[in-house]
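Here the structure comes first, spelled out in structure tokens, and everything after it is commentary.
The first chain written gets the first letter, and so on, giving A, B, C, D and E; residue counts start at 1 in each chain.
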Amino acid sequence: MAIFLAPLWSVLRQSLFDPNFTLNGYSEIIESHLFIKILYNTLQISLTAAFVTLIVGYPIAYHLSRQSPRRRALLLILVMLPFWTSILVKSYAFMVILGQDGIINTVLYSVGLPKIQLLYNRTGVIIGTVHFLVPFVLFPIMTSLLGQNPDLARAAQIMGASRLRIFLRITLPLSLPGVAAGGLLALVQTFGFFITTALLGGRGDLMMANLIDLYTREILNWNLASAVAVTLLALSGGIIFALGRVRGGMSAFGQAA
Amino acid sequence: MGYVFLILPTLIVVPLSFNAGTELSFPPTSFSLAQYRTYFFESNWWEATVLSFWVGIATMMLSLVLGVPAAYALVRADFPGKKILTLFLLSPILVPVIVVALGVYLYFASIGIKGVALPIVLGHTLIAMPFVVITAMAGMQNVDRNLEVASQIMGAGRLLIFYKVTLPLLRPAIVAGALFSFLISFDEVVIAYFVGRAGFSTLPVKMFGSIQWEISPVIAAISTLLTLLSLGVCLLVAATAKDE
Amino acid sequence: MTMIRLEGVSKRYGAVVALDKSDLAVDKGEFVTLLGSSGSGKTTLLNVIAGMIAPTTGRVLVDGEDITSLPPNRRNLGMVFQNYALLPHMTIFENIAFPLRIRGVSNAEIRKRVMDVLDIIRLPQIAQRKPRELSGGQQQRVSLARCIVYNPSLILMDEPLGALDRRLREQMQVEIKKIQTESGITMLYVTHDQEEALSMSDRIVLMDNGKILQIGSPSDLYFRPKSLFAATFLGMSNILRGRFTTASGGGICLPGGEEIRLSSETPMTGEIGCAMVRPENVKLAGPDAQPNTNEVVGELVMSVMLGGITNHHVELADGTRLIAQEQTRIDRAPPLRGERIRLRWEASDTIGLPE
Amino acid sequence: MTMIRLEGVSKRYGAVVALDKSDLAVDKGEFVTLLGSSGSGKTTLLNVIAGMIAPTTGRVLVDGEDITSLPPNRRNLGMVFQNYALLPHMTIFENIAFPLRIRGVSNAEIRKRVMDVLDIIRLPQIAQRKPRELSGGQQQRVSLARCIVYNPSLILMDEPLGALDRRLREQMQVEIKKIQTESGITMLYVTHDQEEALSMSDRIVLMDNGKILQIGSPSDLYFRPKSLFAATFLGMSNILRGRFTTASGGGICLPGGEEIRLSSETPMTGEIGCAMVRPENVKLAGPDAQPNTNEVVGELVMSVMLGGITNHHVELADGTRLIAQEQTRIDRAPPLRGERIRLRWEASDTIGLPE
Amino acid sequence: QRARAADDQLIVASFGGGWAASMTEAFHKPFTEATGIKVVVTDGADLAKAKAQVHAGNIEWDIVELATGWLSAGARENLWEKIDPTIVDTSDAVPGTQHENAIGHCTYSSGLAWNAAKFADGKHPTDWQGFWDVKAFPGRRGLLTRVTSNLEFALMADGVDPKKLYPLDVERAFKSLDKIKPHVTNWIGAMPQTVSLLQNNECDFVSSAAGRIFIAKKQGIPLGYSNEGVLIETGRVAVLKGTKKRDLAMKHLAFMMRPDRQAHFATLTGYPPVKLEGIRLMSPELKSQSPDPASPKNALNDEFWWEPNLLALTKRFKEWQLV
């Protein structure tokens, strides 16, 4: 418990004392245009990335859950690959794939389509972030898919339900706890991301964590850094609560539909 | 599709690792094992890897030992402030890791925890445990309450039920949590760097050091080796997994 | 000697009253059956005793001690679940061995005892399978085995034989009864099968709609039902509505004017009530039979052959349906549909009941 | 007109033969019951027809078309699961409405039809509850409702009434039978209850140990069992072992020397075999009764009262136990334990069976 | 662990990688050979960690390599020991490279780089005016996403005399930046990316570091780097406040001021010495590749002007970036 309290406590204290009690950090955040904008950015990037991650991760999790244990183990190797490669090397690899002379654009160009800018903008940030996050959403979803009673899907199938309907009305609703857990893991992590944005983002892609990093390590203004961190913490806490609501709301929606 | 997205960057990285010289370049201009030689024989890469492994494994153990019972309590028990406590347990991953690292560092310095690996393990556990908690909590949704009650009626105490009934049923979630906590530790730079001591760097810290100025292709070699390693482990698991 | 006593126990789920305020006392070594229709609160009552559901009101006492808030694992009882509750990750052997391991029984002893109960439930060959590799009835038997293997002082069974065929069911009934009488275990047994309740129980607790309606020995309940529900729930019954009279002992006057004589006097003279007679006591009178006191005439609606027995359904002029039960004969032509039939029975077989 | 035909269908799980090579044909509009002991392969057979289990060998044909590899949702059938398989995240209303929504039925129509079946299963008030808020029997009924609500052309039911008490069960039997006859649906019905099988079926498929033993009408199976298993499984039976003789038509000679006459001739003269007689055909002869052809003497072991019927268990000198079933009388003193009893029955009630 | 506490050992916090290897090669190894004192290099020098050590009184590093801005920021937090002039000889050095809290042991520069395979001479800008001139030199531009050096480049592009940049005219700098903003396709987050972006044709002209380009060129990657309009900074090393081995550390600093060592370092990295004697020891070829601090087209960075302004300007720069 102490090791949980310690960092939090020291962050809170740093945000309020410098070395005497001050609210400068917070007042700066509230007044500053920059913070509001970056906050908005952060939310936008995080939510988009988490959402896209779920969209990308769910089919993979679904596919994995339908495999025999042996094949699943084999496929999991593929899924875990992104973990083993450092983000800088990965950013290089992304450049080879998605860059203006990259594989994708070369293919597009050769079939007469215009090249598209996939890196060094919001798209790049999302791609990089999603790539890192997919394994995180995959496991919770897969776990909840594997835990489902197969008789339920079978019963629905006998009643004549198509695969799509079984998926939408049974498999998906029953896997929502896993989706929520995965989404939470993904979302919460993006709040702390900064290397990805710095490497693959464009001019406007600044996140709170970039700022905190800057203040902590280069400007040494720990008071301000902590104030930003506390704000971020409060924010993500709020989002989690809101998400909890939505989840309740979602099952209510399922009943009504 | 999804799989392609996940593996494509790795497919690029592997050839990068066989390039000679100290710059990345694709497609590779030469073939050599120079990067691997560097990794195995120069500037403590190997020691850093070993340290990272031990830290990763210790973090995994500790996160599981603390995180799984915590998740169990959070799902099964009913007490006021449950949500707040959940949030509190999750807080280390809600705060950018640099802030956590600072807090941990100052705290350990103040209570005088010494040693090479212990502070890193504690710091990593802090950020890895929330993952274990979340995955285990999601897994608990699939554990039939009735089974626990049935065991209780047969006379099993809470602890025994937890070990003999809940844990085995939670196994997939725990495996995922274990994997996460290991990987998070194995991948983590900032905390390992802050609370680590001079001369004892974990692999990511060492890699981070070597990419400030240039992206050394050694890193591509390391990525390739780790990929191969995980491949080996998973093949082993796959070979032993029962086909049901 | 009273072992379990429930005092004013009830359970509500929001607006749903799953169990109304109930009192019940079970003696040591007694075999008590909870009998009632689906949704009548049997499982709820059992779960309160097991400690799995906290009652909304009331207390549960064991040997005079209040255990209402004692956790299930400290109550030393055994339970067979309606939905089996087998541990999916363990083999059948390990499932059954589980309570023994909790009690620190030696490995050799565990082996022996598990194998013994597997013989009792007639599944000696499935020890190494997982629960999901068994059929429904097999799982139910394993659940039973897991409960009797460790001889708890009180066993709660929730429809332990519900998924078994009659033959196996009867064999299992005998085994359970044997275990119970030999070891003097107290048993609280839930069933929806009247025959099972009648043949196994020392006492039957008849439940309906969350309420205990009558508690008594099997023949009490069968021959002296206190309510129309009890009469109709246990076995088939023919009900004739009418007005009670006191003329010579006790009787009931049917709407058609027939007077039906009852086995005993009725205190409710002049009120609307029923006469109940069991189908097996109703005879088809041949066309040449003498008139009888308790006799009605109707039209044969159908005859249903149920193995050794055939039921003749007869509809009276006022629409009341009666059933006469006879032993099946293939050598004799059954009466035809629509035929006029005379039904008769003894006054001593007729019971008066309030509406 | 044959609707379903199974040709050489079998299912193995590793070394376990869940279903041996089986052939079966079911006509359109027929009510066929699979009857068998626990683990005999009933659920397996049903699942093969439903398409949930791929058979190891054999083909399934519907209307002459091979559907062995057709997915379940294209077979247009309904199924009631032994473990209910209700969707936990939907209300009861939504569970029952589910197959209707699949078929694009309008909302108003869905409302009406769901409410109608809720009435049929006698649970009109639970529409808004979740499955886990129901008792076992209530869940089973909902599962039944969900299946009949959309009138599939073939319904498979796996012990749909197993968790219900007799009264409700009989009501449900009537409802199911009504639905089936009125709409001409073909039904394949699994039960472990002989009475249910006998009273509901057009034909019964008797199964044991993964094999189909006999297929026939209820009275075929009851009165003309082809095997000892069939004889003993359907209803109670008394079995007397001996050696077949041909003396005057057909008979069997018991070890004690008594000659038992059979209803028909036996081709197996000289071989060891059995004579079977139903308990309800066995009478307790009073001490003054005339000697009879089929008559044995034994000692009364016990008398069990089962509601309207009492079973007298009698042990012969060679240890064979016979049961004589009589209607229960409270006005007459029952015979005492250990009393010597003479049992008799008609030759026409006696069937010869191979060992 | 116990060995580290030994008196005959110094701990140097370094940036790591190839840089650390060169530092070891040029300074630490010869120092150990000469004195028998072991030098342990630990990766990832970091100002925040330095501050944390001093704050917690838990000193682990003896010597710290300083990145841009650290000297002044650390001085504000009082993190550095004063250089002991009785031990360290800081005379005969390029003016402005030495400080009471740190020595300078090399200079490095940031400037303009391009893909030499794609742009022949004359087709690419060679100074910041050219970089700003999008008509004369069409192409995609990349700048590092930080306020420092960008303001200087903007002013030089706007015609301010490189020798009279400080105090910076901030308003003018941002106005100048406004002009180039639409043409900057890449805001680069990490130094190594500058090379890979050129190499993979993601970008045509970038601001990068001389040493970075030097190493890449050695690997045969076709890059160009202009020695005009560069911003020259000093590579510094300081002693962490409160170390128990202050004297030993000073001795090592003194060793690092040796001209021959600095010249050796230059051959490894391309970073020229600060000792004038060292510069004279450089090969002519290397000398021609190195920016000349004395050239009127080149500027010298003044991090002490930056220190009090950094927080506010960073904020302003990020804000400017976002809109």
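Everything below uses one rule, namely that a residue touches a chain if its C-beta (ideal position, glycine included) is under 8 Å from a C-beta of that chain, and two chains touch if they have at least 3 such contacts.
Quantities reported herein were computed from a predicted structural model and do not represent experimental measurements.
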| item | value |
| --- | --- |
| Shared interface partners, meaning chains that touch subunit A and subunit D | none |
| Of A-E and B-C, whichever chain pair has more C-beta contact pairs | A-E |
| Label of the chain whose CA centroid is most distant from the centroid of subunit D | E |
| Geometric centre distance via CA averages, subunit D-subunit C, whole Å | 21 |
| Inter-chain centre distance, subunit A versus subunit E - centres from mean C-alpha coordinates, in Å | 35 |
| Subunit C and subunit E, separation of their C-alpha mean positions in angstrom | 91 |
| Subunit B and subunit C: spacing of chain centres that average the CA atoms, whole Å | 58 |
| Two or more partner chains touched - positions in subunit C | 83 |
| For subunit E, residues that touch 2 or more chains besides their own | 46, 48, 190, 192, 196, 200 |
| Sites on subunit A at which at least two other chains make contact | 88, 92, 96, 216-217 |
| Chain-chain contacts as defined at top | A-B, A-D, A-E, B-C, B-E, C-D |
| Subunit A-facing residues of subunit E, complex | 46-48, 51, 69, 73-74, 76-77, 145, 181, 184-187, 189-190, 192-193, 196-197, 200-202, 310-311, 314-315, 318-319, 321-322 |
| Sites on subunit C touched by subunit D in the complex | 13, 16, 35-39, 42-43, 82-83, 133-138, 140-141, 159, 162-169, 192-195, 198-199, 218-219, 222-223, 232-236, 278-281, 304-309, 325, 327-328, 330-331, 346, 348 |
| Subunit A residues within the subunit B interface of the complex | 3-4, 6-11, 14, 56-57, 59-60, 63, 68-86, 88-90, 92-94, 96-97, 131, 134, 136, 139-140, 142-144, 146-148, 177-178, 180-182, 184-185, 188-189, 191-192, 194, 208-209, 212-213, 216-217, 222, 225-226, 229, 232-233, 236-237, 240-241, 244 |
| Touch list for subunit C against partner subunit B, complex | 50-52, 71-73, 75-79, 81, 83, 85, 87-90, 98-99, 102-103, 146-147, 150, 152 |
| Partner subunit C, residues of subunit B touching it in the complex | 144, 146-147, 149-158, 160, 164-165, 168-169, 171 |
